[in-house]
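To start, the structure under review is shown below, and the notes come after it.
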Amino acid sequence: MQQLGMGQAVNQALREEMQRDSRVFIAGEGVGVSIHDSPMLPTAGLLGEFGPGRVKDTPVSEAAIAGLAVGAAAAGLRPVVEIMFNPFFTLASDMIVNHAAKLRYLSGGKSTFPLVIRMKSGAGFGAGCQHSHNLEAWVAHCPGLKVIMPSTPADAKGLLKAAIRDEDPVIFIEDMMLYFAPGPVPEEPYLIPIGKAEVKREGSDVTVVTWSKMLGVAMQAAAQLAEEGIDVEVVDLRTLVPLDKETILQSTRKTGRLVVLHEASRTGGFAGEICAVVMEEAFGSMKAPFRRVTGPDIPVPASPPLERFYIPDATKLVAAVKEIV
Amino acid sequence: MQVSKDKQWEMLRTLLLARSFEDALVELCKVQGKIPGMMILCTGQEAVGSGVCAALSPEDVILTNHRSHSHLLAKGADPRTLMAEIYGKATGCNRGKSGTLHLAVPEVNAPCTTTVVGGGLPLAVGFAFAQMYRQERTVTVCFFGDGAADEGSFHEALNLASLWKLPVIFVCENNLYAGAQRYEEHTRVQNVADRAGAYAMPGEIVDGNDALAVYEATRRARERALGGLGPTLIECKTYRCRGHGESDPQHYQPREEIQMWTEKCPLPRLHGEMLAQGLITPQELEALQAEVDRLVQDAVRFAEESPYPEPHEALEDVLVAS
Amino acid sequence: MQQLGMGQAVNQALREEMQRDSRVFIAGEGVGVSIHDSPMLPTAGLLGEFGPGRVKDTPVSEAAIAGLAVGAAAAGLRPVVEIMFNPFFTLASDMIVNHAAKLRYLSGGKSTFPLVIRMKSGAGFGAGCQHSHNLEAWVAHCPGLKVIMPSTPADAKGLLKAAIRDEDPVIFIEDMMLYFAPGPVPEEPYLIPIGKAEVKREGSDVTVVTWSKMLGVAMQAAAQLAEEGIDVEVVDLRTLVPLDKETILQSTRKTGRLVVLHEASRTGGFAGEICAVVMEEAFGSMKAPFRRVTGPDIPVPASPPLERFYIPDATKLVAAVKEIV
Amino acid sequence: MQVSKDKQWEMLRTLLLARSFEDALVELCKVQGKIPGMMILCTGQEAVGSGVCAALSPEDVILTNHRSHSHLLAKGADPRTLMAEIYGKATGCNRGKSGTLHLAVPEVNAPCTTTVVGGGLPLAVGFAFAQMYRQERTVTVCFFGDGAADEGSFHEALNLASLWKLPVIFVCENNLYAGAQRYEEHTRVQNVADRAGAYAMPGEIVDGNDALAVYEATRRARERALGGLGPTLIECKTYRCRGHGESDPQHYQPREEIQMWTEKCPLPRLHGEMLAQGLITPQELEALQAEVDRLVQDAVRFAEESPYPEPHEALEDVLVAS
């Protein structure tokens, strides 16, 4: 099977959907001509293949980029636009939250907004908190949006293709660090349904619910814990909204123990939602306190030792699991 | 160029209809508990909606804002479903989800309405982009206020529309107020149209109480847009004769100012000229007035008699598929 | 004791702090000359008392309003600015989240940002989802910000005065419906410390954690339940960040049962945080599943019966409590 | 008006210092793993920082962006703590929290730096408001790029600053690129300065490679500001000689264009004139160069020898009191 980084997988998804459907176009800052040279990046080569009519470099104007998507979607196109880094979501957030997510409702179901907003997220490249700030909890708390945060190149490809074909606005968040970690991606065409979590490792002692880059940390910790006889089940959400409660509940009912792992800062992070769902619907099965392993309640610092301190790692996850097993 | 008799009739009809519609609302708002939400009227500004929409084709798209009645009626929206929506009834054009503030009528290509000030401007870029992408012979019009011209969204949208030469017409309805702020209290630029130069875009100032002038300016802008020459910013100088909303006591608007502008009312302005030129007779005018009044009465009756939505219908219309 | 609506209480707090400290100024859309006439509104009369140098009406420019606050605070003033309605927070969010909350950290602790952002929130006035959208969970998920959401006029006054004197950026969210519900407010000067919840009703059977307008719903439900012999403890958070975990844990350890009540939509709401904290630190005391009573996952609709359906009420809370008692 | 010899020396010194500082960084970036984050240099644009800051008082505030080195050094920032911050060391001016992108030096009234494009503009309004509120005789300068002039924040900030006649100078460093986009690919307006009219504000274009011209324009704008006449928009036409960042292969910048602008380098431009006018001797120039090189070597040594912060220090500096 082909080995691709997540950026390349995204690139394949974009290419295939643009070939399939002439209504699909992409827009954003540097999606065509770029300051980067790497073939590992999501939009590499698309300008050459599809031309400037469908690959639109925009000015540095996040509200206009998002507005472009909302309007073009309502008019029947299939926009896939990029907000370069998650913190710049703020600048597009009125268009996404008050418009993409609400205008269908406000029209009484008459207008539709089939658009995808792609954003890069994740710490680890030393750029500091104005470039690294995971805000998936914001979009997950906004009725009218779907939220996808893939953990592997193969998932990214299948989910992005499904997102582009979806009739509703989808926020698609890519952790930049995953661009450079190749993984297997099927050659034949496939879609992955939105709203389905995947058990990436079966286990019986404790459930770790996670998503995006943190899946790697979970798998690493699970391997370590296995050596000590602790059998971890790893649930990769893949889609945050709509949330696959079934899979979460099935796993936690089985193990009776829950740890949620995410990179975003702790207070108000999406881990709270998982804890609440489990306590509403699986209380009787739970055998131990819950744990959240997350970034601390600080902005992401730039200096390497500080940034490493920020990002949750296997050591922290192992310690948290041991506290409750 | 002489505007055809038919067009003048069309504009006069939508002017009268919008005014009659809003006059009814003024009275309805006095009945405690009848009309939910904030009632925002465009009394005195109707020539903008009438003049602009008369220059458009049915396929052209309009995006309006919180002060939408004349725009939507001029584009052909059904007064009955508009009124029902304003009442919050199940038969409303948006099933009660919108209420009076975000009236959207996709049937007449007014596909979504935002009351976030300035919010329509980036959306217009998207609609116009789609029109260009599909090589349609259509344009997008975005109505917005003088206050909206201070929002960042104005700047980003006009820059991008100009850069890509999109077929969009930005229609600023400068009614001299943004909320309680007079125009010169919220910006120092003399005319909103002066900002067009910042985007290398033509800017035009028209008398916003003169439906014919608005019509002509829109027609020219539409031709530019269809000719691939890009967007135009049209500033219509007009006046908000009532308060920002119906609960606004208008303390900050000088009485004489309101008086002066009331005398410039766009309705007699147009039918006065039409009468003088023999394009309409007094009898015909009376009949037209009676016709629109009947439409409005019918709309009110429809709204009154319609049921409210069932509470659980609130859960519908969020997503196409979930 | 004087009986004031929350708007009047806010007004008194602003007036007292402006009298006390000449560095305090207010700015926003219509904070001076207004389209409203009512003495119940927060900034009524301040322009007359303090003049246009300190009561600044601004253009409709939310990013500039927030940026004004951030810059002026760093320069040593004490800005209290208003973002008219919570959904318009989006337009100011870059300035608040990427700037107010982060620039101190980015300066290595050298610069300070003592500012207050006041916002109106809450459904109930028929304006629909672009005016009514409670987003306290967003700001609560942003390290570097403090978040206050008072439930009574007296709390609002004491907390706003504390917020204005605080050295850090504070988001102060007022539910508009509370402007018109008078309550007792002490005449003598007082402050209420940020970060302290208050038990507004003691009880032994179940803990209801809530804040802002929903306190009234909680108290009403508690009174109803008392008649049926169910003794509800009502914890009013008042401050969401920093969160008063002590008070929450003390109460839930005592009652063993938790219901969280908020008006914001359900998925990703701040109730999740409360559930997580309790499951991390009081698992052993919990006797029943948790319940969340919240707005549904929809935008706030405009039509009266739909809007009433949206807003959580005592009937729903009573039902939820009964499910777990 | 002739610029004094002292001022010219001051500018020359900061020009040489900034260039030497960045030349060192170019080399350091080639060592894998030494410099974290993205390295963004202003090589070729140094006359803007030097010229502007030479016209300011120490109490004046500057707000810079991602391309900050020359601005900060010209304002008097200590090269040692700057370099240590760039390395991510505990002795850095921001204790390792910022790294290279948001270098803030409150000691020289560069109190906060944002790398959100356009983010400095609304902040500048706040700083200038405070200066006016306290009736200080100081101004605020905001440096930003041509790309930033397309952000909504630009529009809102300039409108408000003009409305309130705030003492702020908006300095646009038009280096012909915003990321990989050439100027004419991101806007149609011929000059950024042409946008000043949209806010009834004076706009001035200067040769951004001529430190003396930048200095003079800033001096005039500062006088206007202190005289209560409000803000000025100054556009400095210059060029980004290196890539957007050090990892940018610059494919989209024509070689001849880079070559042409390299020949217009602001350093020989100033010392050439100073030599010609006898304001400096070749020996003095050499000594000055040696002095700044020593400062930079010392800064690098300081950074190299400094410890990294302890991991748990990440938890500090979020709030004053929690």
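To keep things simple, chains are lettered A, B, C and D as they appear, and every chain counts its residues starting from 1.
Going forward, a contact is a pair of C-beta atoms (placed from the backbone, for glycine too) under 8 Å apart; a residue touches a chain by one contact, two chains touch by 3 or more.
Bear in mind the structure is a predicted one, so any value in this text is a computation, not a measurement.
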item	value
Partner chains that chain A and chain C have in common	B, D
Chain of greatest Cα-centre distance to chain A	B
Euclidean distance of C-alpha centroids - chain B vs chain D, Å	45
Distance from chain C to chain B - Cα centre to Cα centre, in angstrom	36
Between chain C and chain D, centroid-to-centroid distance (C-alpha), Å	40
Residue numbers of chain B (touch at least two other chains)	92, 96-98, 102, 114, 116, 119, 150-153, 156, 159, 163, 185-187, 318
Contacts with 2+ other chains: residues of chain A	58-59, 61, 63, 87-88, 91, 94, 98, 105-106, 128, 130, 143-144, 296-299, 301
Residues on chain D engaged by chain B in the complex (per definition of touch)	150-156, 159, 162-163, 185-190, 194-195, 197-201
Complex interface listing, chain C residues touching chain D	25, 53, 56, 58-59, 61-64, 66-77, 79, 94-95, 98-99, 103-112, 114, 143-144, 146, 166-168, 242
Residue ranges of chain A in contact with chain D within the complex	29-30, 33-37, 57-63, 87-88, 91, 125-128, 130-131, 296-299, 301-310
Residue ranges of chain D in contact with chain A within the complex	36-38, 88-89, 92, 96-102, 114-119, 147-148, 150-152, 178-181, 185-187, 243-245, 247-249, 251-252, 308-315, 318
Residue ranges of chain D in contact with chain C within the complex	61, 92-98, 102, 104, 106, 111-114, 116, 119, 121-131, 133-134, 140, 152-153, 156-157, 159-160, 163-164, 316-322
